[in-house]
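Before anything else, here is the set of structures, which you'll find just below.
Two complexes, one shared chain (subunit A), two partners (subunit B, subunit C).
Up next is the complex of A and B:
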């Protein structure tokens, strides 16, 4: 036992000679500072950067006038709005473009229906109106196509409708 | 993502005249070719700084009027000629498209109904030949 006591005593004294309480504080300070700086490292946090979207009740109803040619789940029911994709999804670069009549002002508007891609189907607020759709022999006028086909992740999640301008007759 | 909102910012200036190639483009072509006729790499060929280069030679004009997107479009011959001429002038950074002979409805009618059986192979040949006489569009997209 004496040997063990001497061994531990010598070890403790040796450590005390080489270090100080200040060095312990310095080391502890480094650890705490490093932990505080961790959130500042360049890590992709775009998914959390999404600001909350608050769609209007009208945007969540299939009979909303600008949904006249839509075919899919309304993004306004899926965490987005009628013009913004939900967090974690990307708008499709290929779109269906049509015109819808706005009964409020009696004008026709050009509307782009972009799919939001990158997550599995939303499943809420399915809306299938497809006015002036043509069969598949004219693909650009058929709305059963998955417009996410050109996205890196071609999973379809939901659809938005974006007004591009007033249609002239 | 909120970037979808940028789609909303892509407002299209649509003129009020009877012949309206800008609106014809939006309703019939823009869904795939994009608001700036930029195309989609690997999927959809660009028209910007490409269409006007095809228009330099009879072979290039023949190709443009027979590609599926043009030949099968629901636009009339006159409308298609108008859209192509508008595109060539609007989306050409070299500003030389004004010096090219515009397409006419008659020219469109004569060519668009002849099926183009091998689009990519024809494009490669046409682009190769264009490159020997001046600026050419990309052979790949």
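Up next is the complex of A and C:
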């Protein structure tokens, strides 16, 4: 037990040397921010999206700021919106992630590009933008693979872009 | 219909005068026989054009096109998000793809279909686990060993691995875990490399039954955060060249189990760096006998790596010198997203464009020979026999 006590004491002292109270507050802030973002996670949001949607004209255009690394058909042109899959499709639980700049508020946002699955290609509003997109060997940033791959019905229909939170500088 | 007398008279006169001027009638056309066209003798100027058919992705196909007569020879059906490649002897087109039991939905079946290139008909299939990597046009989502005895099919669930198949016996031999590395770059009769996020290559050596006997990891040759490489590498006589987003060429020697990394060289001058970039889908083709490398280049910034080339740049692979810049009439035909070159002495350069044209150029001069409009819906991968 003495050995364990000494181990934890040394660890605590080492941590205290390397960190300040301010950094502790910053860390706590990050945790709280993260907790606040939890309700924005895509699975939570899609679970509640059982209602008609009314996409804005901006959401139906490829140059919309949230679409900075999207590659596919915009669900906003296919019966959904930038955050809702069209009726009868299922969102992909796995996604690729992008960071897009919102010119309206000057912030960078982390967005999740989920595919909507289970029907053949929508075929409308094809959009291919690739900011910070990487090839398949960095899969989490790749927009070429079919992200419906893990769905029970893995056909690809269209893509959405869902804000996860503000990107840390 | 003519009902009055005058009208009947005029009609009779017209008919009589026609008979008097026309002379004897030609013999009737002979009866025709319905046949099925054959492919004909293979030409180095043929090109297999993989059309991903984005708007109806369950219905992709490969067009076989003749670069001399400018006509379509035939078609191979390739299903959803296909991986396509030719066997080393050129006799077979292998396709890894997905079908559903009810068209666009229902039970998923993944299969490797083998097509006879003499008839363009399917000759066999191997049902594989329903997890072949469904991604866009790639030369490395289905590959053959150099002797044609193995077929390698990358799997993605998103866990990464690849299947080893025996195309002669039409069966799956094995599945090799690749620890997050992806795609299959084959070498020799029994080695397969996959590319990793760490900038390294994982190389697996197989025994005669397709089982792993050893694996090595190369040194890192690129940094994905600073300058990623295109996964669509260019095959070289002794390995592969990986071209980076900023135009660095990383030539990798695959002749040893641990691939050797050569000193990279640049497609662009210091003044051009960051302004001119390679881009598109199939971003390089090599004429092996002449050592000429063709790359679609465009002016663009970060995130423009899928933009097609407004020019084709030609390099000597030995001297690394740029020898030509050939502008593409992108207003008329779209930018160049994929390139392939025939390997004969009078080579043709094939270019697929973003607006579905297939351009055919003389590969020695850059002279445009033909602009085939609307070759499919979204042609993206060009393979030559």
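Worth pointing out:
Here is the rule we use: the second predicted complex is superposed on the first by the 118 of 169 C-alpha atoms of A that agree within 3 Å, B and C clash if a C-alpha of one lies under 4 Å from a C-alpha of the other, contacts with A are read in each partner's own complex, and residues count from 1 in each chain.
Here is the rule we go by: contacts are C-beta pairs under 8 Å (C-beta built on N, C-alpha and C of every residue); 3 or more make two chains touch, one makes a residue touch a chain.
From a predicted model like this one, the values you see are computed outputs, not experimental measurements.
Judged by the touch definition given at the top, the superposed model places A:121 against subunit C, while subunit B stays out of reach. When both complexes are overlaid on chain A, the residue A:150 reaches subunit B and subunit C alike. In the superposed pair of complexes, A:102 makes contact with neither subunit B nor subunit C.
Contact with subunit C, but none with subunit B, is seen for A:130 once the two complexes are overlaid on the shared chain. 94, 138, 149-150 are the residues of subunit A that lie in the contact sets of both subunit B and subunit C, per the superposition on chain A. Subunit C contributes residues 54-58, 80-81, 98, 100, 103-105, 108, 131, 133-136, 156-158, 160, 181-183, 195-197, 224, 228-231, 302-306 to its touches with subunit A in the complex.
Residues 68-69, 94, 118-121, 123, 126, 128-139, 144-146, 149-150, 153-156 of subunit A touch subunit C in their complex.
Subunit A makes touch with subunit B in their complex at residues 46, 50-51, 80, 83-85, 87-91, 93-99, 110, 112, 114, 116, 138, 140-141, 149-150, 160, 162-168. Remark: subunit B residues 1-5, 7-8, 10-16, 20, 23, 26-28, 30-32, 34, 40, 43-44, 72-74 touch subunit A in the complex.
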